[in-house]
Amino acid sequence: MIALGEHAEFIIAAYAGVFIGLGLLIGWIVYDSRRVRARLETLGDKRG
Amino acid sequence: MSGFLGVLRRELRLSFSGGGEVLTLVLFFVIVGAIVPFAIGPDRALLASIAPGIIWIAAFLAMLLGLDRLFRPDRDDGTLALYRMADMSMASVVAAKVIAHWLTAALPLILASPFLAMILAMDGPTFWRTVLSLLLGTPALAAFGAFGAAITVALRRGGLLAPILIAPLCVPVLIFGVGAIAPLGGPDQASSAMLFLAALSLMAFALSPFAAALAIDWGEE
Amino acid sequence: MSGFLGVLRRELRLSFSGGGEVLTLVLFFVIVGAIVPFAIGPDRALLASIAPGIIWIAAFLAMLLGLDRLFRPDRDDGTLALYRMADMSMASVVAAKVIAHWLTAALPLILASPFLAMILAMDGPTFWRTVLSLLLGTPALAAFGAFGAAITVALRRGGLLAPILIAPLCVPVLIFGVGAIAPLGGPDQASSAMLFLAALSLMAFALSPFAAALAIDWGEE
Amino acid sequence: MTQRQVQHRINLKTQGLACGRGDTVLAADLSLEVAAGSALLLRGPNGAGKSTLLLTLAGLLHPLSGSIAFEGADPEAGPFLHHCGHRNAVRPRLSVVETLKFWADINGPGDVPPTTALDRVGLGRTAHLDAGYLSAGQQRRLVLARLLVSPRPVWLLDEPSAALDAAGRDLVAALLADHLRNGGLAVVATHDDIALPRAATLTLGARV
Amino acid sequence: MTQRQVQHRINLKTQGLACGRGDTVLAADLSLEVAAGSALLLRGPNGAGKSTLLLTLAGLLHPLSGSIAFEGADPEAGPFLHHCGHRNAVRPRLSVVETLKFWADINGPGDVPPTTALDRVGLGRTAHLDAGYLSAGQQRRLVLARLLVSPRPVWLLDEPSAALDAAGRDLVAALLADHLRNGGLAVVATHDDIALPRAATLTLGARV
Amino acid sequence: MSIDDTPKMSWWNRLAHPGQFLGWTRPLIWPLAGVTTALFLLGLWFAFFNSPADYQMGDTVRIMYVHVPTAWLSQFVYAAMAVSALGTLVWRHPLADVSMKAAAPLGAAFTAMALFTGSMWGRPTWGTFWEWDGRMTSTLILLFIYLGIVALWRAFDDQLRAARVVAVFTLVGAVNVPIIKFSVDWWSTLHQPASVFRADGPTMPGSLLTPLFVMFFAFTLLFVTLQLLAMHTEIRRRRLVTLERRAARGDTL
């Protein structure tokens, strides 16, 4: 890793914020998808 | 035409009869304006400098918060379904309601504004400019507001949703409204702000009945 | 006890389920805070000096405007009549509702306040004092608010009436709330304001369920 | 206001009509024919879809498939049907006669003045009362008066006799008989027995 | 929650009871006696004051004069009556079974679990549906289930069979018969014919 | 009980019929996810190891690689929603409202990220987290509109009705956004002389452009992937609701 200069904390915060945000977003969408599919399966829907 | 007048008459009757909704709205406007000094301290110079903004925000909130009564009671008791089968278009129902809303929710505020101007230490000329900008700007708020109320009417409980949907769209009204009063850029800026305000009002009033009628028809079915 | 928990659970379920009333209220709070600069100008020093007041007024309005959902829907659909014949006192119903109202209408605002603090150019220490004063003061608003909602529920249309009845009662909360943040008299003043605030909250929370229960019983028959 | 001409002799025909809520089909493949001067009674258990079918016929819900035709209706001449749902559209703070006048305004007034209509449904004495004070059955009677002040040839009534006493039920039957005699058409969802001449019955499926 | 003891065998006696709205007297000088195990049917035209009388008996309105006594009721043991009005207290977004559980919570639960009660009124399959989706009659059935989950000896029912189909009316009659057999008491305002053993009838005056 | 009133199936309708759509786009998800990940890794490598510090802003210029793509997407997603709204209203296309609903939270998230990275950038360059400058302010208002749309979707029970109402609102919003932008610019230039330091110089050296473009594509592809996945979920959720109602009514599935 290169040195990030005097404002490193802001750069790191920006990247960390964005990637945590993306992680939450992806996590939620995948979780939601799983949940709906599981409930569909309990109802015996075969179309996936 | 008898339908249009019928709706208008009914709205006015309901607003002014016993319930005193008009009084409530005016009181809300005055209270919002009057609690500001408690929250930011009684410094007269500071108050005077932000007074036009406060009056506009108070009017803005009062008008947006009065929206819920525009279509919801009609929907809950089934009158809205009647309108859809009435011998008049939904757009003219909405237009009648926008006019009634302006008459019962905006005009009384403007009449009450001298009181607020007084407790906020506003000077004379500024006050008159405020009244003028309110007169020009509130029709846009009423029209946008009717649209917001129409969007949320199909919901079982709309509550605060219409105000938060509409507030961002109304930001230009607020900006030009205040800009027309306290122009940092001089009188030129002020008069162009007034012009923008009037244009916004005209446009909003011309278009919103149709957009609102669409939203109601589609939302209800 | 199962009745108390039942009411609490139901209120929370209704607030967080689909309707997203919590989201709406938080948005309302943030939007009210964020439109102030459009009205009074974006001068950072001016904004910072009145920021605590703005945050308190936004919280005040958001909490008061959330009141309508406290008893009115229950009255309209007949649940309130059920409460009156339930195996629990009306006061404990109200207490459960006050707690639920605080959890769904005050706590989310406090969690959203950093955002407002940032765009209003508030500095760190002031922000923390603001959070503390909101934590101490909002229970009083919730309790007073429940009382106001109870008084107006018997009227056919409460709407904005509860907020304007309650607003004057809540002015002390506002004064001490802002006083605890931006003390004109120094830190001593601030901590005594905090104390007053806590005392107000305790007192209001202890008394308002009984007063509200009385109001409902008398108003309904 | 130009007094619009009252439309006459409309027949209702549906072809393979399916109605329901959202994706849920409640009644499928309905091919109905109701001629001017006759009535159709909708029956069926709770939740069968009677109200839904009426809303669909009224054009307030989209049919899921199939078509609805009102033969003889002139769309230019304004709306030709009345729909009365579960809700009464009665607002407190307006008096009974004001309410009725307002309905006449928006629906286009006819020959029957509001006070006459009120007398006909037995509310003559309450004309100047706040409409919010009417009892459940009295409000329902007020709704019936709406059918009289603005004449329209098609009536779609959802449980018109709910909350009505015996006299009220006779009133509903009498109003319907008059309407049919004048060449009107009616579709009525009901759980009660309404004695009607020339009425067919459609029973929707049982599924509580 | 301490399971409260179910109260038994309550008799209702009124003495010179007058009830009404505001100053308007709707029924005067009523001296009723309804013994445990029997029912009283309230009849009368629209606006006669049936709903008003039931609200007065339930303690939700003050009597204009006279007295109401529930003999054998122990006020310490919590409320002993159910009142079902015109409104159903059904809130959208809560499922059917959640709604019923909530009622059981606030009224004090009894021996009948919510799901059993739902099966009894024919809503077993809709248990997990949003209660707002129920049709008018289904909501009414849900209200009947409320009477079952929290046993109370006195039932005051305002048009329990409104919006119900024929099967629903039989259900109401069956529930009432069970209730009376167990020593309960019921006062029922209705426009329909509900077949009840040991039921007296009180007809309130005609004043549309 | 097969009521299908889709008109004559053109190839377009066939591809876009919800069931078909599910079928032909499902195989795309994993490849898309793979390419997106690769692009992100590449972009991060460029951003931190293979791009110089700016001569003016120093290392803080690296924030640009996350700020500009998110800011750009915040507007692009709204445009996509407006097009879908037209699809709902004009062609009554069943997929259009699914796409509209899936996009709203994504757009809100990207807008929030643009605001966040912008303020992280603003602190070192302007000395404050927030400045009421025209572009930032209108982004803030855009965030409010997005969140309002999300709240509106959530408030409806019946998604088919919701779709048309939200579509009307989205379009009115789309008409309004330029007006808002104009008014906010008018307002901020009124109050602030051009003292705010602007970074959008017309020319950017290629060494900065490469990572920017890589990140650009990474974010855009991420949006496409998530949008597809969320649309699938939404299609399935609608089927789920139908099935649950049907089960409650006792029909056979």
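Letters are used for the chains, namely A, B, C, D, E and F, taken in the order the chains are written, and counting of residues starts over at 1 for each.
We take it that a contact is a pair of C-beta atoms (placed from the backbone, for glycine too) under 8 Å apart; a residue touches a chain by one contact, two chains touch by 3 or more.
Only a predicted model underlies this, so the values are computations on that prediction, with no experimental measurement involved.
Engineer: Going by the average position of its CA atoms, which chain sits the greatest distance from chain D?
Structural biologist: With centres defined by C-alpha atoms, farthest from chain D sits A.
Engineer: Would you say A-F or E-F is joined by more C-beta pairs in contact?
Structural biologist: Ranking E-F and A-F by C-beta contacts puts A-F first.
Engineer: Quick check on chain B against chain C: do more than half of the interface residue numbers occur in both copies, making it same, or fewer, making it different?
Structural biologist: Both copies, chain B as well as chain C, present the same residues to each other, with over half of the numbers appearing on both sides.
Engineer: Taking each chain's centre as its mean C-alpha position, how far apart are chain A and chain D in Å?
Structural biologist: It comes to 54 Å between the two C-alpha centres.
Engineer: Per the centroid of Cα atoms for each chain, what is the distance between chain B and chain C, given in Å?
Structural biologist: 25
Engineer: In angstrom, rounded to a whole number, how far apart do the mean CA points of chain C and chain E lie?
Structural biologist: 37
Engineer: Averaged over CA atoms, how far is the centre of chain C from the centre of chain D? Could you give it in whole Å?
Structural biologist: 46
Engineer: What parts of chain C, by residue number, touch at least two of the other chains?
Structural biologist: 18-19, 24, 27, 31, 38, 41, 73, 156 - these are the residues of chain C that touch more than one other chain.
Engineer: Which residue numbers or ranges of chain D touch two or more of the other chains?
Structural biologist: As it turns out, chain D has residues touching two or more other chains at 21, 47, 86, 93.
Engineer: Would you mind listing the residues of chain A that make contact with two or more other chains?
Structural biologist: Not one residue of chain A touches more than one other chain, so the list is empty.
Engineer: Would you pull the chain B residues touching chain C in the complex into a rising list?
Structural biologist: Chain B residues touching chain C: 19, 21, 24-25, 27-28, 31-32, 35-36, 38-41, 46, 49-50, 52-54, 56-57, 60-61, 65-66, 68-69, 73, 155-157, 159-161, 163-164, 167-168, 171, 174-175, 178, 184.
Engineer: Can you name the residues of chain F that touch chain E in the complex?
Structural biologist: 157, 244-245, 247-250
Engineer: Would you tell me which residues of chain E are touching chain C in their complex?
Structural biologist: Answer in residue numbers: 1, 4, 58-62, 78-79, 81-83, 85-91, 93-94, 98, 101-103, 105-109, 150.
Engineer: Going by the contact rule at the top, pick out the chain F residues touching chain A in the complex.
Structural biologist: 19, 22, 48-49, 53, 58-60, 62-63, 66-67, 70, 105-106, 109, 112-113, 116-117, 120-121, 123-124, 222, 226, 229-230, 232-233, 236-237, 239-240, 243-244, 247, 253
Engineer: Taking the touch rule as given, give the residues of chain B at its contact with chain F in the complex, in rising order.
Structural biologist: Touching chain F: residues 147, 151-152, 154-156, 158, 161, 164-165, 167-169, 171-172, 175-176, 179, 183-185, 189, 196, 200, 211, 214-215, 218-221 of chain B.
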